[in-house]
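What follows is a pair of complexes built around chain A, which joins chain B in one and chain C in the other.
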Partner chain A sequence: MEVTMDPMFLAWSYFRRRKLQQCSDICTKILQENPYDQAAWSLKTRALTEMVYIDEIEVDQEGIAEMMLDESSIAQVARPGTSLRLPGTSQGGGPTQAVRPMTQSGRPITGFVRPSTQSGRPGTMEQAIKTPRTASTARPVTSASGRHIRLGTASMLTNPEGPFINLSRLNLAKYSQKPNLSRTLFEYIFHHENDVKNALDLAAQATEHAQFKDWWWKVQLGKCYYRLGLYREAEKQFRSALNHQEVVDTYLYLAKVYQRLDQPITALNLFKQGLDHFPGEVTLLTGIARIHEEMNNISSATEYYKDVLKQDNTHVEAIACIGSNHFYTDQPEIALRFYRRLLQMGVYNCQLYNNLGLCCFYAQQYDMTLSSFERALTLVANDEEQADVWYNIGHVAVGIGDLTLAYQCFKLALAFNNDHAEAYNNLAVLELRKGRIEQAKAFLQTAESLAPHMYEPHFNLSILSEKIGDLQSSYTAAQKSEDSFPEHVDTQQLLRQLRQHFSVL
Partner chain B sequence: MPEVKSIIREVLPKQGQLHMEDVPTMVLCKPKLLPLKSVTLEKLEKMQMEAQEAVKQQELAMKELSQ
Partner chain C sequence: MSSMEPSGDGGKWLDAHYDPVAGLYTFSSCVDLADLSGDGESRLVLGDLGSGSSGMKLKVYRGTALMSESTLLDLPAGLVAFFMDLHEPRIPAVAVASGPCIYVYKNMRPYYKFTLPGLEVNTLEQDVWQQVREGQIDPLTLKEMLESIRKKADTPLSVRSLRFLSLEPDEMEEFVQLQKQQPIKRQTVITCIGTLKKSTADEDGVSCLVIGTECSDVYILDPEAFIILTKMSLPAAPTMMDVTGQYDVEFRITVACRNGNIYILRRESDKPKYCVELSSHPVGLVRVGKNMVVGCTDESLQGFTQKGKKLWRVELPAPITTMASMDLPTKGFQAVLLGLANCEVHLYRDKNLLSTIKTPDVVSSICFGRYGREDGTLIMTTKGGGLMVKILKRTAAFEDRDNAPGPPLAQSIRLNVPKKTKLYVDQTLRERENGLAMHRAFQMDLSRLRLAAAKAYVKALESSLTPMSSSLTEPLKMNAVVQGLGPSFKLTLNVQNTAACRPVMNLAISFLYDEGLYRMKNPYMRIPLLVPGLIYPVETFVECTSDKGISDIIKVFVLHEGRSSPLLTAHINMPISEGLMLN
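Moving on to the complex of A and B:
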C-alpha cells in the first residue's frame, strides 16, 4: 500500500528546500479543498513572497523624477565634504581622472555595482536623459517605483486565475488582529504585490493592535514610508523601533534614509553608533566604506573595506573594491591577487575574467592575459559587457603595439555597443595616427556628445583643432576639458598657449 | 638636513645643452575594470528578464487565441 505524506508537511519541506513553486502548488490544492486552512494560506503567501523577495536594504533606485524634483535635501548648495551630491573635491588623495575613469556623476568607477550605485546623479535633466548605459553609469530609471510595479504586474500576469489574494476585497482590520497571519500577509503585499499603500494600512493597524510596542511593525511602517518618499516619517518610525530593540537592519534602514536626505555625516555617525552596539558588524562597516567611497574619499573607504575583510574574509564587495583601487593606484600585481582570491572563492563571471586579464597584462603576466579575456568573452551575458571586454582587449593590443588589432577591437566594441564613448575616443586617436583627420574629428565629436563628463574627447578635440589651425574651437574644447577635469596640466598649458595667441592677435 | 644638501651638487653638462619640447599628445581613455555585480542586482536583473519573457509569451498566446 502506498503511503502518502501529509500534504501540509510536504509543502513545508518544499518550502525549506526552497522549491517554492512546488510548495505553492500543494498549498493551492489544500486551499481548494479547504479554503479556510490558515496554515496553508500563510505558507502560500510566504512561498510567493520568497519567489520575488529582494533585500529591501539593497534596493535603492532613484528615478529621474526623484532626482530632479527633489525637495528633501536640506542644503541645495552644501559645503564640501558634507554632501553626496558634489563629489568633485577629492579629499582622500585617490587617483585622479587621468588614471581612473569616472562615472558621469563625477565619481571614480567603483569595483562593485549595487542597485543604488547604478543610477548616478546627473546634474541636469538633459544630462539625465542623455546618459548612455555602460557598466558603471546606467541611465536612471524613470521612477523609483517603476521597476517594482513592472515586476509586480508581471507576477500577476503569469497567474492565469488572477492574483492569489484580492487586496481590494481583503478586510485588513481583521487580519491586523491576528499576529500569526498579519506578518506574512504584510510581506506578501509589500514584496509580491508591491502595493505600498495597502501594506501601510495593514502595518498601521497592526502596530496599533500591538499598542505601539512592536519594533517589527515600526520597521515595516518605516519601509512603507520610505517607498512612498516620506523620509522624515520613515526616520521617526525607525528611531522609535530602535528604542524598543536594537537591530542591525534598523540601523541600515535608517542610514539609507539619511543618505537619501543627503546627510552622509549623520549616516556615518549612525553607523558608528551601531558599531558600538554590534562591534565588528560587517554590514555596518560596509555601509561606512560605501559612504566614504561615494564621497570620493577612496583611501578611507579602502581602510574600512580592509576592516570588513578582517571580519569576513570572503566579502566579495570589499575584495573587489580594494582590488580595483590597487589597480588604479598602479599596483596591478596586488590587484591581481585580490581578483584571484575572488576566483578561488567561486565567483565565475565575465567581469571577473575581464579584470583578471587586465591585471595580468599590466602586471606583465602575459601568458594569462589573452586566455582570461577569451574566458571573459565566452561568459558575456549581454552586448554591453561584450563591448567592454573588446574595449579592454583593445588596450592590450595598444600596449603590445599591434595597432591593427587595437583598431579592430575598438571597432568591435562599437559594433556591440554603439554608445561606447571611450571606444570612439580611442579609435579617434588611432585614426589620427593614420593621418585621417576628418574621421578622427567625427569620432571625437561623437564621443564628446555621448559622454560630456569625460575630459579625454574634449582635450583630444582641442589638440586636433589647434593642429589644423582652428583656434576658436580648440579653445572651446579646451574649456570643456577643463570643466570636467580642472587639475589636468596639459589642458591648462594648452589654454595658456591659446590665450597667448589670442592676446597677440 | 642642511649638511646633506650641500654635499649633493647639481650636474650640468659642460657642452651641448639638452632640451626637450613638451608637445601635448592625444590621450587614450583608460582601461576599464568592470565592476562585479551584487547578488541583489543580479537577482533583480534575472527577475526582470523572466518577467519580460513571461509577458511576451502571454502576449503571444493572446495573439494566437484572437486569430
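Moving on to the complex of A and C:
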C-alpha cells in the first residue's frame, strides 16, 4: 500500500514553495471532506491572498479625482521647497531642463520608472483625461478603482464557480473574536476581494477585541482608511501603531500618507526618525531619496541613493538613478559603469541596452555603441520601446552627421509610436534644414500639442516664425517656451529682440 | 498679524493711507493738487474715468476722505487747477477737458463751459445732407454718396456722417429722421491740457490754458474771457504736453505727438521750432529744470536738452505705466517718478536711480506735491482702483548712487564644469591605443545599422505605417488623441496638409478594430478638402463593449479614393475602459 503524505502537510509545503495553486487545490479538497477545518481554511485564504498580493507600500496611483478635486492639501499656494506640487523650484543645483528632459509635471525624468513617477499633476482636466504617453493606460478615475479593481476582477475570473468566501454572509463579529483566523481573513478581504469597507469593519471589531493594544490591527485600519482616502484618520492609526511597536512598514505607510497630504518635509522628518530606530534601513533611505528627487533636489537624492548602495549594493533603483544622474551631469563614463553593474546583476532588457548605447556614444566608446542598440532592438517588448531605441539611434546619427539616417530613425520612431513628441521636434529641425518650412511647421505644431510641457518645440517654432517674418506667432510661441522653461537664455534673448522690434517705430 | 514687507525705499517714505478699493480709475493727466477753498489746505482733485463708458466723475479728496464728487458728461482727457482771476481769497478754478469742451469749475460748482471752434465742413457733405432734409434722396443713396465723398475729399467727414456709415441698413432710416434737422458740424476733441502763467511767474499768478487737439492744433486761451489768444499747429496729433514760461514774456511748449516725435513750440512762431525723433512711442514726458525726460515704450528713459539734443538713455526693467515729476523747492530737489508695470515706482534724477518703492499693484497715476499741509506728498492710484498716499520723511536724503563701470557681474560666476574622472582618462587611453580597431568596429556596425534602418524604413513606407505621408501629391500628417475614461472614448484625428500651396481632395478615413471589443459610431468618414497648413480635427466616438478590462489597438487609415493602399496609418493604443468598473 502506498503511503500518502498528510494532505495538510503537503499543502503547507506547497505554500512554502509558493506553488499556490496546488496548495489551494489541496485545501479545497480538505475542506470538502471537513468544512470546519480551520487550519485548511486559513491556509487557503493565505494562498489565495498571496496569488494576487502586490506590495501595498509600492502601489500608489493617483487618480483623476485625487488630483483634480484635492481637498486634503493644506496650502493651495505652498512656499517653494515645501510642496511636491510646485515643480521647477529646484534648489539642488542639478542640471537644467536644457540638459535633462522634464516630465509633464516639470520634474526631471528619473532613472527608474515606479508608480507615480510618470504621473505628476496635470494642470487642466483636459490634460488629465488625455492618455499619457508613458503609461499606456488612461489614468484611473480614483485610486480606489484602477489597478485594485483590475486585480479584483482578475481573481474573479480564475474562480468560475464563485468566490471562496461569500463576504455578505460572513459574521464578521464572530471572526473578529478569533485572533488565529481573523488576520488571514482580513488579508483575504483586503487584497483578494478588494472589499475595503468589510475589511475596515473586521479590523475595527478586531482592534476593539484586542482592547486597542494590537499594533498590527491599527496598521491594517490605517491601510483601510488610506484606501478610502481618509488620510487624517489613517495618520492617527499609524501614529498610534508606532507608539506600540516600531515597525519599518508603519513608517513607510505613514510617510505615504504625508506625501499624499503634500507634506514632504514631514515625511522626510518621519523617515529620519525611522532611521534613528532602524539605522541603515534601505527602504527608509530610498523613501528619502525619492522625496528629494520629486522635489527637484537631485543632488541630495543622489547622496541618499549612495547611502542605499552602501547598505545594499544590488539595489536596482539606486543604481539606475545614480547612473542617469551621472549621465545628465556630463559624466557618461561613470554612468556607463553603473549601467554595466546592472547588467552584471542580471538585468537584461531593452531599456538598459538603450541606456548603455547612449552612454557608450557620449563616453566615446564607439565600438560598443551600435552593438548595444542592435541588442536593444532585438530585446524590444513593445512598439513604444522600439520607438525609443530608434529615437536614440537617431540622436547618434545626428551626432555623427548622418542626417539621412537620422531622418529615417526619427520617422521610424514615429511609425512605432505616433505620439513621440521629441521625435516630431527633431524631425522638424531636420526638415527645416532641408528648407521645407511648411512640413517643419506642421511637425512642430504637432509636437507642441502632444507635449505642451516641452520647451523645445515652442522655441523652435518661435525661431521658425521669426525667420519667416511672422513675428506675432513667434512672440506667442516664445512666451509658451518661457512658461515651460523660464531660465532659458535663448528664449529670453529672442523675446527681448521681439519686444524691441515691436516697440521700434 | 501680517508684517509690512520692507518696501525697499530705505525708509524714506511714510505710509499715510492706502485704500485698495477706492474705486479710482484715472491717469496722471487727470490728477492735480490744489487749495480749492483757500484755507491753506490742499485738496486732491481727480477726474475719474469710471468704467470707461459710465460713472465718469470729478472727485475731490480731503485727507483720507472723499469730500465731494460731481458727474462728468464725458471721459476726462485732462484736468488742471489754475488761477483765472485776481479776486481775493485766492481760490483756483478747475478745468476739465473732455470731448470738444472745457468745463471750468469754481468752488466745485460748474462755472463756465468753453467749446472749441467748429471745423470747416465739407461742402459736398453739406449739400448731401441738405438734399436729405428736403427728402430728395433715401438713406441708401445717402450712404453711397457719403462713401464716395469719404474716398475723394481732402476734408474728413463729420462725426454724424461717419456714425451713419457704420449703421446697419435697418437702423439708417431712424437715424436720418432724428438727425436731419440739425445743422451739420465737425468738431475736434481735446487730447491734452496744460497751464501757462500769463504775465508773472508767481505761485498764484493768473494762468492761461493751453490745449492740444486731435486735429493737431495747440490753442492758448485767455483765462478771463476764454478767447483764443494764439493758435499753433503741429504735424501730428499731440498726446502729452509740458508748458513753461509766461505768455507775455517768453514760453516754451513741449509736445509729444502720436507719430513718436516731440516738438518744441516757442512764442515767436506758430510752427514747431525743434523736433526730436524718438525710436519708439513716448509714454511720459516730464521737464526737470531745463531738460526734458521722456519715457518710451521700448522700456527706456531718455533725457534731452530743451533744444532737443539727446543727453542720456537708461534701460528700465519693465514697461512704464506713468510718469510724473517730483519737485521739492524747499530742498531744491527735482527728480522724475516712474510707475512701472512690475509694481514698482522708480525715482530717477538724471540717469541715476535714487530709490525704488514697491507697490501692491501696478500704479496708473502719480502726483507729487502739497497735500493737506504736507509739502512732500506722493499720491498714486493703482490699476485696480486703489488710492495710495505716502509722505516723504523730512529727514530723507537721496544720494546719487554711483554706477561706476567695472567688470560685469557674470565674470565672477564660476561655471560648474565637472572634473575629469580617472575613468575618463583611462577610457581615453584605451581609445588612443585601440583607435584603429574601434573605428573599424564602429564603421562596420554603422553600415549594418544603416542597412537595418533602411530596411525598416522601407517596410514602414511600403505599409504606410508612418503618421505622415511624404508623397509629393498628398503630403499629409496625422496625429490622434484619445480622450475619456470609458466605456465611451472620444477619438480626435488631427489631419493636416503640409503642402506649400496645393489643397488635397477626395480623402477618406477608415478604421480597423476588433469588433468584439469596440463599437464605432461611423467607421468610415470622408475628409473635406484640406487647405494647406490648417489642422482639421476629425472626431468620432468609440465604445468599449468588453467589461473584462482589456484594451486593444485601433488602426486608422487615410485613404485616397480609387486607390487600394492607404496613404498613411496610425496605431492608437486604446486605454483600458474604467467606466464600467465604477458601478
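Heads up, the rule we're going with is that the second predicted complex is superposed on the first by the 493 of 505 C-alpha atoms of A that agree within 3 Å, B and C clash if a C-alpha of one lies under 4 Å from a C-alpha of the other, contacts with A are read in each partner's own complex, and residues count from 1 in each chain.
Here, a residue touches a chain if its C-beta (ideal position, glycine included) is under 8 Å from a C-beta of that chain, and two chains touch if they have at least 3 such contacts.
All figures in this text were calculated on a predicted structure; none of them were measured in a lab.
> State whether A:E333 touches chain B only (first), chain C only (second), both chains, or neither.
second
> Quick check for you: in the superposed arrangement, does A:D419 touch first (chain B), second (chain C), both or neither?
In the superposition, A:D419 touches chain C alone.
> Let me test your reading of the model: by the given contact rule, A:T302 touches which partner, first (chain B), second (chain C), both or neither?
A:T302 contacts neither chain B nor chain C.
> Return first, second, both or neither, reflecting whether A:Q220 touches chain B, chain C, both chains, or no partner chain.
A:Q220 sits against neither chain B nor chain C.
> Under the stated touch criterion, which partner chain does A:Q351 make contact with: chain B (first), chain C (second), both, or neither?
first
> Just checking: does A:C409 make contact with chain B only, chain C only, both, or neither of them? Give me first, second, both or neither.
In the superposed model, A:C409 contacts chain C only, not chain B.
> Touching A:F112, do we find chain B (first), chain C (second), both, or neither?
The first partner, chain B, only.
> Once the shared chain is lined up, is A:S176 touching chain B (first), chain C (second), both, or neither of them?
neither
> Overlap of the chain B and chain C footprints on chain A, residue-wise?
In chain A, positions 136, 150, 154, 157 sit in both the chain B and chain C interfaces.
> In their shared complex, at which residues does chain A touch chain C?
64, 93, 126, 129-131, 136-138, 140-141, 145-146, 149-150, 153-154, 157, 329-331, 333-334, 337, 363-367, 369-371, 373-374, 377, 383, 390, 393, 400, 402, 405, 408-409, 411-412, 414-415, 418-419, 438-439, 441-443, 445-446, 449-450, 499-500, 503-505
> In their shared complex, at which residues does chain A touch chain B?
These residues of chain A touch chain B: 52, 54-55, 58-59, 98-101, 109-115, 117-118, 135-136, 147, 150-151, 154-155, 157-158, 316-317, 320, 323-324, 327-328, 342, 347, 349-352, 354-355, 358, 362, 385, 388-389, 391-392, 395, 398, 421-423, 425-426, 428-429, 432, 454, 456, 459-460, 463-464, 490, 493-494.
> Touching chain A in the complex: which residues of chain C?
Residues 260, 278-281, 296-299, 416, 418, 421, 423-424, 427-428, 430-431, 434, 437-439, 441-442, 445-446, 448-450, 452-454, 456-457, 460, 465-468, 475, 477, 479-486, 494, 496, 498-500, 532-533, 535, 548-549, 551, 570-573, 575-576, 578, 581-582 of chain C touch chain A in their complex.
> For chain B, which residues count as touching chain A in their complex?
Of all residues in chain B, those touching chain A are 22, 24-38, 40-41, 43-44, 47-48, 50-52, 54-55, 58.
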